[in-house]
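What follows is chain A paired twice: with chain B in the first complex and chain C in the second.
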Partner chain A sequence: MHITAAVIVRDGVIVKDEAVIYRSSEEGGTFIKAAYEELEMDYPRFYKMDLLSKTGTVAVDVLLRDHAGFEACRPETAGMVLSNRNASIEADVQYLEASKAYPSPALFVYTLPNIVIGEISIRYRFKGENAFFVSDAFDADWIHWYVTDLMQRNLLKVCICGWIDVLEEQLDACLFLVEPAPAQTGTAFTVENLCSIYNKNYGK
Partner chain B sequence: MENKQELIHRLKEQIIKQLKLENKRPEDIGDHDPLFVDGLGLDSIDALELIVLLQQEYNIKLRSAEEGQDVFRSIDTMADYILEHSA
Partner chain C sequence: MKKVFVLSQNIVSPLGNTVKENFDALCAGRTAVAVHQDASRSEVPFCAALLPPAFFATDTTSFTPFEYVLKASVTDAVKQAGIDTTDPDTLLILSSTKGNIGRLEQQPVTKELKKEIGLTVSAEKLAAHFGFVHRPMIVSHACISGTLAIITAKRLLEAGKYKTVVVAGADLITRFILSGFQSFHAVSDTLCKPFDANRSGINLGEAAATIVLSTRPEPEGIIISGGGVSNDANHISGPSRTGEELFIAIDRAMKEAGVGTDTVDFISAHGTATMYNDDMESRAINLAGLQDVPVNSLKGYYGHTLGAAGLLETVISIESARNNTIIPTKGFETSGTVKPINICSALTEKPVRAFLKTASGFGGCNAAIVVRKV
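Presenting the complex of A and B:
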């Protein structure tokens, strides 16, 4: 299995495979909205999302750009395994605040972290296995074991996995595209390589 | 009470804000355009937000979910319902 693409969204930059795709001094929601517009993504549903889902949607858009292999696979065999530290805390607090006047159904639907997987699946019509885990830090061992198991049992042909966290307008995402066949530009899907890519720093 | 055209314009502004339709302007929404699916493309969560909007801004509660299908057909039908049920 190989990591055929990787995206980092952190510290005011969006990086794909070590190339800076977007950089800005803006932060949080302003940063991700500006990136959405700069990258000319045409997906009006984006504006309705919470910050976690917006970050995931932009990250996956960059991850899958010009990646024909992913589009060719059956929806049932495309899946996601994501994780973070703070679950959906930003949306939880927003909903709580809004509820003092009127509870907002549109805010309520984002009060679970796995909704980011749902939003991405709606956009790309993924129907394969998915899971969202909450842990203190990026657990490369667990992600590697879980994704490997899904792919070795042929439940998935391709998988987007990694870390996506939002707290107090600070975005931290590192997503990997994992595929079974060796690719010319691919990196072996190992715990060491997951950690190495995750720990790279492209900040200001 | 404002006239129907003023109400329609205000409703469009409120819907754009409440439903976060940031890529839309009031003039992009036809008075008789369907709000769901082929028209404005709203979904079931948006329908719930419209119910909240009616309560919050106009103090109007829908009597039943079935009633919503007629009320939320277009901006025009929403305005008629508000005018009919405003105190």
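Presenting the complex of A and C:
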């Protein structure tokens, strides 16, 4: 199993496979909207989403760019295993504030952390195993174990996994595309490699 | 792979604080769903299954109401199982959709408060209280949370990562959650009618439920024998038009359990009593070839208990298997799903070898487990 692509969205940078592809001094919602436009993602649903789903949509767009052979995968064998610290807290606060005047179903639906999985699944037709876990910090051991188990059980062939957290204007996403792949392709799917990719500092 | 046995279970709900109290109440046809007038939760009267305020009045600890109800449920289940929660081979898995969201409604929102209401904070408090050595795992995956938590525990135990896993889930119905479902016009003004021709939406409900699972063999025990999860990839707040994706989860759970359509003796469905959910489930059940198998929904007794639902409904179904007694679908009168299914509408005594439990939720998620006798 290999990490065939990795993306980081954090502190004003977007990094694909160790290359900074977008940098800006903006933060939060302004940053992600500017990145969406600059990177020419044509996906109007983006504008309806909360910040967590927007961050996930931009991150996965970058993650899967120029990824040949991906379309050949059967939908039920493609899945997602994501985690974060703060669940859907920004969407929660946004809904709560708005609900004092008028409870909005369009805001309420984003008050669950797994909606980002739903959004990405809709865009790329991922119909396989999906799970959202909450932990204090990125738990590489857990993600590695859970995804490996799904692959070994033959439930998944392709998995997007990792960390995606939003607190106030602070975005922190690090997603990995994991596939069975020839040894020369990408990085081995190990706890060490997950940690080293997650921990690499690309500055502000 | 190792087998995963049920050691003990608990439900804390408006119908009682032990499995027996709850199962007896269901056999007697009692429901916890009632009309409430509570201005702190809704300007208009609403129909839901709420824990009595007296339940929380006895709490003199630093636990929030959400944590307190979880603690009560885990305490009973752990006691029944006779396990040592400080054993390093034991893990706690928590399941909730909104946890301490109620606190957000009561205080000015600050960054500190946002962090304090996080599920990890509750998990740490509970782990410390019971002396769990490992950090608890937390599943927060909409209305499949409880079912997914059971599947996660099963996988960990089968792989030999732990010997015992305590799986517990809870949600409370606050203004936040109630107003959200009301905004979807998804809440019924009266007792919900799962799978009925005249169904008109959900009742929400409060509960906690716990299942203690172990690889320790139990003679004549109950095994969590199959599990599967899928996504509709269709809509974030509406179910699949075809039911094919819930069927994927059902199919995987049945294959993993090695059971055929002739061995599944009943289905504990999600059955929220919304038009779209129940139709989708009827399609999936037909795709699985299970259209003749008795189906129940427990939402007419407990309402939709969100992150606890998968656990609570599995606990009741395990009691059904043990007692060879299938609980009827309260609220159901007249068949009215897009595909015909066999709704259980009267208390039915029948030998139960295995049952299927399904769940679906926002974000297009579906989960299914197969539970069977040894």
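We adopt the following convention: the second predicted complex is superposed on the first by the 201 of 204 C-alpha atoms of A that agree within 3 Å, B and C clash if a C-alpha of one lies under 4 Å from a C-alpha of the other, contacts with A are read in each partner's own complex, and residues count from 1 in each chain.
By definition in this document, a contact is a pair of C-beta atoms (placed from the backbone, for glycine too) under 8 Å apart; a residue touches a chain by one contact, two chains touch by 3 or more.
The structure presented is a predicted model; accordingly, all values stated were derived computationally and were not measured.
J.: Looking at the overlay, what does A:Glu179 touch: chain B (first), chain C (second), both, or neither?
T.: In the superposition, A:Glu179 touches no partner, neither chain B nor chain C.
J.: Between chain B and chain C, which makes contact with more of the residues in chain A?
T.: The larger set of chain A residues in touch belongs to C.
J.: For A:Asp50, using the defined touch cut-off, is the partner it touches chain B, chain C, both, or neither? Pick first, second, both or neither.
T.: In the superposed model, A:Asp50 contacts neither chain B nor chain C.
J.: In the overlaid three-chain picture, which partner chain does A:Asp165 touch, first (chain B) or second (chain C), both, or neither?
T.: It touches nothing on chain B or chain C.
J.: Tell me which partner A:Ser104 touches in the superposition: chain B (first), chain C (second), both or neither.
T.: both
J.: Just to be sure I read the superposition right, which of the two partners does A:Asp61 touch: chain B = first, chain C = second, or both, or neither?
T.: neither
J.: So which positions on chain A get touched by both chain B and chain C?
T.: Shared contact residues on chain A (touching chain B in one complex, chain C in the other): 103-105, 109.
J.: What part of chain A is in contact with chain C in the complex they form?
T.: 75-76, 79-80, 85-87, 89, 92-93, 95-96, 99, 103-105, 108-109, 111-115, 117-119, 121-122, 124-136, 142, 145-146, 149, 153, 155, 167-168
J.: If we count contacts the way the header does, which residues on chain A are in touch with chain B in the complex?
T.: So the residues of chain A in touch with chain B come to 44, 47-48, 101-106, 109.
J.: Any idea which chain B residues touch chain A in the complex?
T.: So the residues of chain B touching chain A come out as 19-23, 41, 45-46, 48-49, 52, 55-56.
J.: Mind listing the chain C positions that touch chain A in their complex?
T.: Per the stated touch rule, the residues are 97-99, 101, 104-105, 109, 111, 114-115, 117-120, 135, 137-142, 148, 152, 155, 159, 161, 176, 179-184, 228-237, 245, 248, 252, 256, 361-365.
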